[in-house]
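I am attaching a structure below and will ask some questions about it afterwards.
The first chain written gets the first letter, and so on, giving A, B, C and D; residue counts start at 1 in each chain.
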Amino acid sequence: MTTNIAKPKPAIPDLPVAVLLAGLSIGFFAVVALVTGETAQLSGEGIAGLLQRMVALGLVALGQTFVILVGSIDLSVAALISAVAVLASHVMQGDPAMMLPAVLLCLGFCAVVGFVNGALVAYGGINPLIVTLGTGLIIQGVLAASFGVLQGAVAREFQVIAYGSVLGVPYSLLLLATLSLAAGFVLDRTLFGARIYAVGGNPDGARLAGIRTERVILSAHMVASLFAGAAGLYLAARLQSGTPWIGRDGIYDLESIAVTVIGGTILAGGKGGVAGTLAGVLLFATLDAGFNMLGIDAFLKQVLRGAIVIAAVAVHAVRTKGHVA
Amino acid sequence: MMTVPQTSASLRRPARIAINAGLVIFIALYAAIGFLQPNYLEPGLFMNFLRRAAPLVILACGQLYVILTGGFDLSMGAVATLVVLAASILINGDPDTTWAVIGALYVMGVSIGLVNGFVVAFLKVPSIITTLGTMLLVNGLALAWSGGAARGDLPDNFRNLGRLVWRDVSVIGTLPLAAVVLAGFVALAWFGLNGTVYGKRALAVGDNPRAAELAGTPVAATRILAFVVSAVSAVTAGILLGGFSGVSVNAGEGLELQAIAACVIGGAQLLGGRGSVWSAVFGALSLFALFTLLNLLGLPQALRDSIQGVILIAAVGASMWRTRRRN
Amino acid sequence: MMAVPALSMTGISKVFPGVRALDGVDFECLSGEVHAICGENGAGKSTLMKILGGSYRPDAGTIQLAGQAVRFTHPRQAAEAGIAIIHQELSLLPHRTVAENIFMGREIARRGLLDKAGMRRKAAALLSRIGAAIDPQALVSSLSIALQQLVEIAKALLMDARILVMDEPTAALDERDSRALLGLVEGLRREGVSIIYISHRMPEVMAIADRITILKDGKKVWTRPCDAAPIDEIVRAMVGRDLKDFYPATPVSAPGEVLLAVEGGTNAGLRDLTFEVRAGEIIGVAGLEDSGKGALAQALVGDVPFTGGAVTLRGKRIALRTPRQATAAGIGYLPGDRKSEGLALRQSVRDNALLTLRSLMGLFTRPQQGALAHDVIDERLGAMDVRAADFGQEIGTLSGGNQQKAIIVRWLAQASDILVFVEPTRGIDIAAKAAIYETMRAFADSGRGIVVISSDMPELIGIADRVLVMHQGRVSGAVPRGANEEDIMHLALGLADAPRGEAGA
Amino acid sequence: MTMRTLLATTVALTFAGQALAQDFNDPAEFKKQREQLSMTPQGPEGQPWAQHLGDGMVDTAKYKKDGQVTLCFSNAGVFNPWRVVGLNNLNAEAELHKDRLQQLIVVDAEGKDDKQISDIEALVSGGKCDALIVSPNTTAALTPAVEAACAKLPVIVFDRGVNTSCPVTYIHPVGGYGFGITSGEFIASKLKKGDNVLALRIMPGVDVLETRYSAAKNIFDEAGINVVGSEFTGSDRAKTKSVVEDYINRGEKIDAVWMDAGDTATAALEAFEDAGLPYPVISGEDQQDFLRKWQSEKLTAIGPSYPTYQWRTAVIAALDVLDGKQVPGPEWVLPQPAITEDVLAKYIDERMPPLHYSLCGCQELPGYPERWGGK
């Protein structure tokens, strides 16, 4: 008799990490709110405010999840966010008629950046860290050089994305939720998603199975750039006008990587998913809100955040067999 | 079995003169500087160039150790900042304490390196995440300690490390103390990789940690030591930075990425297994020459970032292309 | 029956740095034919199949499918042309489910949307067709190697392939699973599929093949119908000389004192292992894939240590908790998978040979002096006849045999007492093979010992003084020099002495 | 249609840099601030943080609240020494009002607009605050959040403004043009026509800094002084020193150094020291290290200021509003003194750290000097 009857394991392996993280985050937030007497933060409005802290980082991190799953990485998102926010406000100049052209132009620009990143990584064989660090520098430089002193503003109507709400639920949350579900759906239910896991999990195997791995990597980079574009547009709407520094000041590059990895997606690729990433983003949002309530000094906050990043990843990385670098 | 014709193994080729890609780039860039501003070719200004490039070169040497073993150290900029702030607070203007404080700074650096190394080697957190965490942590500590602004003064004997220039030195005219420190550190870094067995261990670990482990290499210790060297280089660079220009809260900002870029431009391979001290040294000098050249050209500051990005991609792309062509 | 062959490859050549892997090979396969390819490791079988599968591009030669010339630049094109390959190396996604792996690259999807339920159903059907009791929802990382191999087979069967290549499909399977697989091949043949069957197991080949093609050193020796090719003739054609000359002569002197003794060695994969290696002895270890022979090697080198029992070397108790401890105690390891476990491919030949010495010496040892000097190691490499233009060149550019010899030099330099070889000649050409056997013998003759773990039965019989056979984590028996394959197989299958009741545990 | 628009936009973008760079040169504002510099402030003598320029007052009776109150402060961040000193001022000022002030809640946005918007929303929805003080990270970005807050409680804005008149008052010193006028005119008075000045700036695109440069540039142009370069230093001492060294090495004669912020002034001076050159005429700010150097090296210098005492004013204003007192508004313009050679000595305090801003108005506050890092 064959003895090895496989025990079925859960099909979505990142779910436990996600649930655990989300639970811890919410617990932390609730306890802090109760202890500091900020019970109003537990009301609908307070929760909506908490969740709104997730939107910008969440959008970037969704895209980052795609590139990390495929075994690559994207450091250019921060510069891209700035570029999109500036472009959007500059093109619109407060004119609602320019909303659509501006959005199209921005997303088109993102697609081009994603394409260049992806092509250099997949077809050029250049290390993705270097490629995206380089393209990020290029974008940042051109942006600061030509738009450093520009003032523009998005249309009032465009700001509805960030400030409007329906039944007390901000549109921006609906946007994040919709895009998260879409991203989750793409990864879990579509051909493209399956290919991403295949290429990230075993590039040679994927190639042998007939997958055009280069195209998948390139597409993942385009997805990441488009999500960064979405974050840039959201920020433009929320901030009315973009400055060439909002991406860099928000540290969206490193933070998006951190939350993705905290959420259980492994840097080598092929394992992880949207749920974990969102839980990681939620952790960061509750830390922000919780530290505010506790009145923790800004510098100490940074120390704690650094320690939490390491600890959160160590919790599931420590079981890794073999070596990481 | 048909083997491709081979020369006899015992017949050793004359030692190849390894021409480092970074050296070529550096010479080209410095020639351009000299063309624009001929007085940069005088020994005095070259020495001054070295003095200013010293912190970056030293950081690149430390970063190289980590890169060889297959990792990254993003925390070195924060460590340099911490060093500058800690020095000003601890010394507090009293020149007698300078040397003791410098000792303490190195102890601090070594401990940060140990933390990075242990987390990567034993908790298996990828180095890019680990050092991102320590970057936040160390930066936060530095700011919390200083209250967010420079405190205390650095006495002259500390400042001299980055500032003192001996004049009327024969042949070269002037000799900055920082250039001497630079030469000393590079020599030490070279010795570490070429004068001990460590260098080859690091290369093997970066190339294939599993094979190295099975061959008996102390993989964890090799990794940890690399992070310690990196942190020590950050301390040294921090001391020079503080000496060169005094106390500030953003002394080390962004230097980690410049150091990584420098190594890569010099031909070190990310994720390990390839590179030498000369990659770091000439890569860093190239990068610094590039900055200087762009300054001299008077381009808008911002575009300098862009050009740095182009150079970075081009340098790595070119080395990829060379490797591919060879195979 | 002699219509246009389903596949015909003519004049295929391929050169890798340092090795001419294929030299003008012709090969054809009819529809409904099982055509076996036999040859020593390194004869060019896998390369030929990789060319067929679109992974490599041939330097010369043409491929025709049903008379039509084709040119593949990507495995996808080969797959679309109806060629399915069951690869020797596993190419699975450990973090994904069985169903997802089976459908990798060929997902059932409508307008880009996956039909997950459909894939599960089809995967389950496919798995039951090959008689594998695997839940399609299980994660691949939770499966044993043998079950993973079955997933690979299911993966290849997914496409209704016109040409199916099976590269050592039964290497990891036990008797029962193998038999089921052969039944499956029979069925496919009846459906008109052309099957290219690569295996070392002669009885299997004789039972199933219509024709046999022998490759040797990258060239075709002959193609004959199965009934016109008796086994001994096949072997002679493969090896090119008598096996007697091929393996080194038996030592004259009897084995000496006990060098290495394992008593009651136990861990997750090993049960109560007791054996000893004497000075001058080469001990072979045989067994099926999950018999524990791999775990034994890992335990001896400290990679997956024993959790119970005692190990003594030259009478002294030693701890083998890490590879470093094992190395320092004098046990050297030559892994079967050289690329991932043995070599730092981008480092020089010299650096690879010096790796252990450098790792065990003090950190501040001058790297160019004493045993570490270039001249000294170059001499050793030269003595081992490692062929390289320059010992400073990257070891990745060397042939498998030269790489293996360089690793042997690593342990000779370290003066290890015991060497643990796993699949010592996998992927190594025949000339280098003899040299490696010679070296192993010489090493043992110098008063030290060798443990060699191999799935290549003739190799074990030819080289080992004694063969330990493992079954389900324990030694099921030992056979002396001169035993035949059947004796070993019997023990390996647990038929000889294992109580019947335990087989199903 | 859409295609054409896109194309047109792309072309427009190419020339955008030049087209809109004029934004920070507003002659009317320039004139107004020049007048304000010489205006006599109203309010208590010797307490510039409580003084104001101009006559506008706003009535706040509707915000009157008795008993203990809670103030909330949304801070853009403490990412530079100026803000560090300021935050200490604000905390110390709050301590003075312990009897009235139950709690001061400070949240820090770490320089992120997005976070500051969320912070303000959380403070407002938290319901604990009786009045809200905002120091916006970016003018335009914070406007909607401040507007939303205004609907719920009195809001006081200081330092950078917002594009809405809804806050009770907006506290700020004279402004960027004023800073540029003071420093520019001083340098122009010390130099001859055709002399060279090097402008060192922190970074582009920040309104409060751009106006400083624009004002000074106007004055230099008028006086026929040649601006040899305008460089961004990112407030980094090493970079500042390197930039100045590069200019020196190029053989440029630099007669004066103009700075839009003084925190790297001593680094710029060191470059001259190291090159063995005499010190140039220099405009810095009110940092201790610069003032000490000025005194010890007898520099020809001026220290215009953007006083940190405005952080005190914010608390004072908030409490006045909750008391229902009239406060200067809708803009509370604070005097913006400059340190000149005659008054230099009185601003130097050897106990204080190098980057302490002398015009903190904090000498009488509780915890001085330790709270500000002094000995």
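Side notes on the structure shown:
Following the convention adopted for this analysis, contacts are C-beta pairs under 8 Å (C-beta built on N, C-alpha and C of every residue); 3 or more make two chains touch, one makes a residue touch a chain.
Predicted model, so just to flag it, every value in this text is computed and none were measured.
Ranking all chains by how far their C-alpha centres lie from the centre of chain D, first place goes to C.
If you average the CA atoms of chain B and of chain C, the two centres end up 44 Å from each other.
Note on chain placement: the centre of chain A and the centre of chain D lie 34 Å apart, centres being C-alpha means. If you average the CA atoms of chain C and of chain D, the two centres end up 73 Å from each other. Each chain gets a centre from the mean of its Cα atoms; for chain A and chain B, those two points are 31 Å apart. In chain B, the positions touching at least two other chains are 148, 210, 213, 301-302. With touch defined as above, residues shared between interfaces to two or more other chains in chain D number as follows: 78, 204. Shared interface positions of chain A, defined as residues touching 2 or more other chains, are 144-145, 148, 297-299, 301. The complete set of chain-chain contacts reads A-B, A-C, A-D, B-C, B-D.
Contact residues of chain D toward chain B in the complex are 78, 80-81, 83-85, 204, 229, 231-232, 234-238, 240-243, 245-246, 249-251, 263-264, 266-267, 270, 274, 289, 353-356, 373. Of all residues in chain C, only 53, 55, 74-76, 78-80, 85, 87, 90-98, 100, 103-107, 109, 112-114, 116, 132-135, 137-139, 142-144, 146-147, 155, 174, 176-177, 503-505 touch chain A in the complex they form.
For chain A in complex with chain D, the touching residues are 38, 40-41, 43, 45-46, 49-50, 52-53, 56, 87, 90-91, 98, 100-102, 104-105, 108, 144-151, 153, 159, 163, 235, 238-241, 243-246, 249-250, 288-289, 292, 295, 297-299, 301. By the touch criterion given at the top, residues 69-72, 74, 119-120, 122-130, 132-141, 143-144, 148, 206, 209-210, 213, 219, 223, 257, 261, 264, 270-272, 300-310, 312-313, 316-317, 320, 324 of chain B touch chain A in their complex. Listing the residues of chain A that touch chain C in their complex gives 1-9, 11, 13, 189-195, 197-198, 201-202, 204-212, 270-271.
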